[in-house]
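In the two complexes that follow, subunit A is the common piece, with subunit B as its partner first and subunit C second.
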Partner chain A sequence: MKCLLVLLLLGLEILPASFGEAAALDRYRQILLEGRYTIEYHNITPAERVTNRDRVHLFGKTGLAVAQNDYLTNRPRKGMIVSRGEDRYEEVGDEEFAACRLTKGGEDFFFTKYKGKGGYEYFGTKKNQVTANNRNYLAEALEGKSYGDEDMSRIINALLSAGRPQGWAQVAAGTLAGGVTYEDYQGKSEDRTQIIRCYFTGGVLTKIAVAEFGADAAGNLTGHKCIIAVKAFTAAPREEYLSLPAKLADVTKRKEAKAK
Partner chain B sequence: MKLRKILFAGLALGLLLPQLAGAAPAADNRPACVLMKFTDDTRYDAIETAEQLSELVMVRLLDSHRFRLMETRPLEENMERELYREKMQELQEFKTAAATHDYNALFEGPGFRENKAQSIATASVGQIVTPSITRAIGEQHKADYLIQGTIINMGIGNWWNVDYAAMSTAVNTASALAATPISVSLSGISGPLGGMLGDIEISRSGIGIECDIRLIKAATGEVLWTKRVVGLATTRGITIGAVTLGSARLSGSLYRKALEQAAGKVTEALLADVETGKLFLK
Partner chain C sequence: MMKKSITALWLCLCCLCPAAVSAENPAAGELRSIFHSGQFYVEYKDDYNVRVIGEAGGARMERTRYGSSLSWVTNLNPIGNLFGGRTPRNPETMYKDGRYYQFIEPDKAFVCPAAEAEGENLDPRMGWSKVKTKLALPLELAPLYWDDPYAAYAKSMTEPQFLESGKVVLGGKNYESDRYSSKLKTFDGRDADYQYELLYLDGQLMLARSFVVSNGREMAVNTLEVKAIGSAWPQDLFRVAKKTKLYAAGRGDMNDLLEEPVQIGILEGI
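On to the complex of A and B.
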């Protein structure tokens, strides 16, 4: 009888340790909500482009247009997101080439950079020049904010909705060999299910593995997996990325300028 | 007379035999390879570009004499189909993990190792394509290496321009279009120049075929080398009033030319890195 009581008490002790305490991921969710951060990641297993039907997109989308970029198609890629309130910078590419977006003052600047002989060269509307586009608030409202490529955008938007009916719910936590801890989450949106494992080394988020599946329109089981290696996720925005590179001139003809 | 002929033939044979024995071919140290039929990730796979491109590459590789090809035809083994079976099994594992809330077998299993290729199309250097599949192909054909390619894009337009400057502009425009309502992005397409140049029309069209080529070590499934190439065929037509010079119409011969270009570039890429020793490092 005593043994049963001890076991019961032990069980009550163990449960809060697993699920009652704040999850390690909560810290990162809080950083995102505060809107001041730098995230650097590698998408090790980007999904392949199945067809090239995705070249025309009428309604706008979040995420940089990676699928329309032949250089980045089917290649592992690196990403960076820097945020300071409404000002944001996103970058997806590799050592040689990257597609970039700077959002500042309600405007989007799309440009690309590639490694030339004397450091990075920049192209906007033409070499060393860029023109602003209106920020697409509609796409953001429909699909959530963009966080680099589509895989990372999907993961971060799901992470932000954790705890809500459509968001991630924690299902387990534990420790692996070598002291790496993990938290397991599950999410469901429409007919798709995502299962997620977040890895922490010394409490620092180092990797996110996602398996996503569901039935397509014909009822066939489809899905894909994704591994994101998190290289940095801090509450300190890298300020140098929140303005246009020195080589790149803003040549936008704005209404205020015309009025003068 | 007849006897003399026989004696002469015998003498000649006797003289030649030692030379023939000395001329026995030296052991071929070139690694044994097979060329897999290309896979086609475009929506035009019904026109069998993969078959034609594989054949064209095969002919060029045989002509080069730089590879010990164990088969003289591209292998029909469909690695994608084998991998698809594996993927379907993996999807069932996703479902089981979701139902049981036990993710250990899935996330700590071989399918989620960081160097496991997501698919054959995305397999990059250092990643592993399922070894049981590559090993079986290698053993069946006595080959150490598999040369495999994927057609990732085919079509008209200017997407194939790998010049960074042109590509950057195209990408930035695509990004801007993707993030801008279409009514805004289409404004200003027909500017005043359209009317001024109404009598002179210069049209340019072309077909591009973009593909990745990779070398896989059969025993381990490791991708040792990859290159991305674009085969391109363009044509131009100029119309001044009623007179037309050239033709910008797309045609079968243009498609064929693009195929030849792609096959040439694939072979060039392979041969260039054989010369510099970047291939067959392991």
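On to the complex of A and C.
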């Protein structure tokens, strides 16, 4: 009832833009801070061109293999993050191929999974074998936890900082057609404009859009945009992902001198 | 009478219970002068890879031997040459006379002038903007060579300050340890410490460890096993093929598209 009233008031712009009411994002921030969640998203931003060979792959002088080129435009990236306290699983890719990282017991396991004829095939250091790496605590301290790909990581770390003095601040909220509400957050950068807009349908986060632009040192306008479709964001971690897949064997040589 | 006995007692206690030694291991000073001398080499093992970094005559180069169960085969020179590919003593990256070199085969290298290494037309998969930090000493050795011109530290990281020395027992050996600490600011504005621990055995640096200390927790980041640090290079530390062909770094022009790079010269040894 209260939600409906607030929505109506915001829609009619009777209330000034004061955010004494709980932002719809607070519930998600709380889930993130508690550390037990599953997030599934599609990064549906068309990728920027990286090299001039993006659309074609020429081999020899006669071949043209579009399927083999490294950076295809308009191919959505799917990401999944499962977290249960210190254990964490991240996966970025699509149905055919995904790069995965499992953090468990203070160690990182990096592996890739390919869709084969009879299910998934896993490659760590070799097929069906994986070795543990040290967990990168320095990167986590300097840049925060990673959430799938770099766009989503920056978005989530920015949204988590809302409410801190140097963090992002909520600057607007409103309603769009079809009962979709939005909240805008702005970063505190001096030379770049950074906005994140979160879209909610009935209080459920469905989409995140990011726009960031500014002039670089030479005076040229540079920018970046990103659109994320949030497929799932729940406080229930998917336990089956928090251990290595059955086919993948852990072949780490554990030394007694390894510092813990 | 009272004063004398108190003084005597105090002196006794001082001798029996030494306070935390607040002096660096003398070997640290020697290592620092080696690194600042302009000619040095370091060989160390980082969990699975063995890396060698060397500097001489204004040039710096490095090579990495990736750990794998078959590496002992390719490291035997005659057999390694049969299987082709990089022999173990070829440098992977090098900086010399204002240019970065990346060796892709024993006798082929791509060259990019250092001033243009951040150019936007360079193929990002070659990683030219990362070559400079590849040539830097590992972060664990920063207390010995903080002002390494190739190193890139996080903005908030301060120069390591000596904390204390002590003794550490690892793997059955008694090491003398020196601890240093750098300050860090985390992504959410809190203060954290990055601590370095250099472990010496009989005046030789054996291990270098690093930790992140944040929120009262100490988390181990890395452990390096130092195999050798010295000033004069051993014979054949880096081997460069006699007539290494140098190619210009691909900049997205027609040569790059057709994967036919332009040869710009020959490198006759280093």
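Criterion: the second predicted complex is superposed on the first by the 205 of 260 C-alpha atoms of A that agree within 3 Å, B and C clash if a C-alpha of one lies under 4 Å from a C-alpha of the other, contacts with A are read in each partner's own complex, and residues count from 1 in each chain.
Keep in mind that, in the parts below, contacts are C-beta pairs under 8 Å (C-beta built on N, C-alpha and C of every residue); 3 or more make two chains touch, one makes a residue touch a chain.
This structure is a prediction, so every number in the text was calculated from the model and none was measured.
When the shared chain is aligned, no partner comes close enough to touch A:128: not subunit B, not subunit C.
In the overlay built on the shared chain, the residue A:224 is in contact with subunit B alone; subunit C does not reach it.
In the superposition on chain A, A:181 contacts neither subunit B nor subunit C.
After superposition on the shared chain, subunit A has more residues touched by B, the comparison being subunit B against subunit C. Looking at the shared chain after the overlay, A:161 reaches subunit C, while subunit B stays out of its contact range. In the overlay built on the shared chain, the residue A:137 is in contact with subunit C alone; subunit B does not reach it. Of the two partner chains placed by superposition, only subunit B is touched by A:209; subunit C is not. Applying the stated contact rule after C-alpha superposition, one finds that A:112 touches subunit B and leaves subunit C untouched. Touching of subunit A by both subunit B and subunit C, each in its own complex, is seen for residues 50-53, 58, 61, 70, 133-136, 138.
Put simply, subunit B touches subunit A in their complex at residues 41-43, 88, 90-92, 94-95, 97-98, 101-103, 106-108, 111-112, 114, 116-119, 121-122, 124, 150, 152-155, 159-160, 162, 164-165, 167-169, 171-172, 174-182, 184, 210, 212. On the side of subunit C, the complex with subunit A involves touching residues 47-48, 123-125, 139, 154, 156, 170-171, 184, 186-189, 192, 194, 209-212, 214, 219-223, 252, 256-259. Against subunit B, the residues of subunit A that register as touching in their complex are 44-53, 55, 57-62, 64-65, 68-71, 73-76, 97, 99, 101, 108, 110-112, 114, 121, 123-127, 130, 133-136, 138-139, 171-172, 176, 182, 184, 186, 193, 195, 197, 209, 211-213, 221-225, 227, 229. Against subunit C, in their complex, subunit A makes its touches with residues 50-53, 58, 61, 70, 106, 131, 133-138, 140-144, 157, 160-161, 164-167, 255-260.
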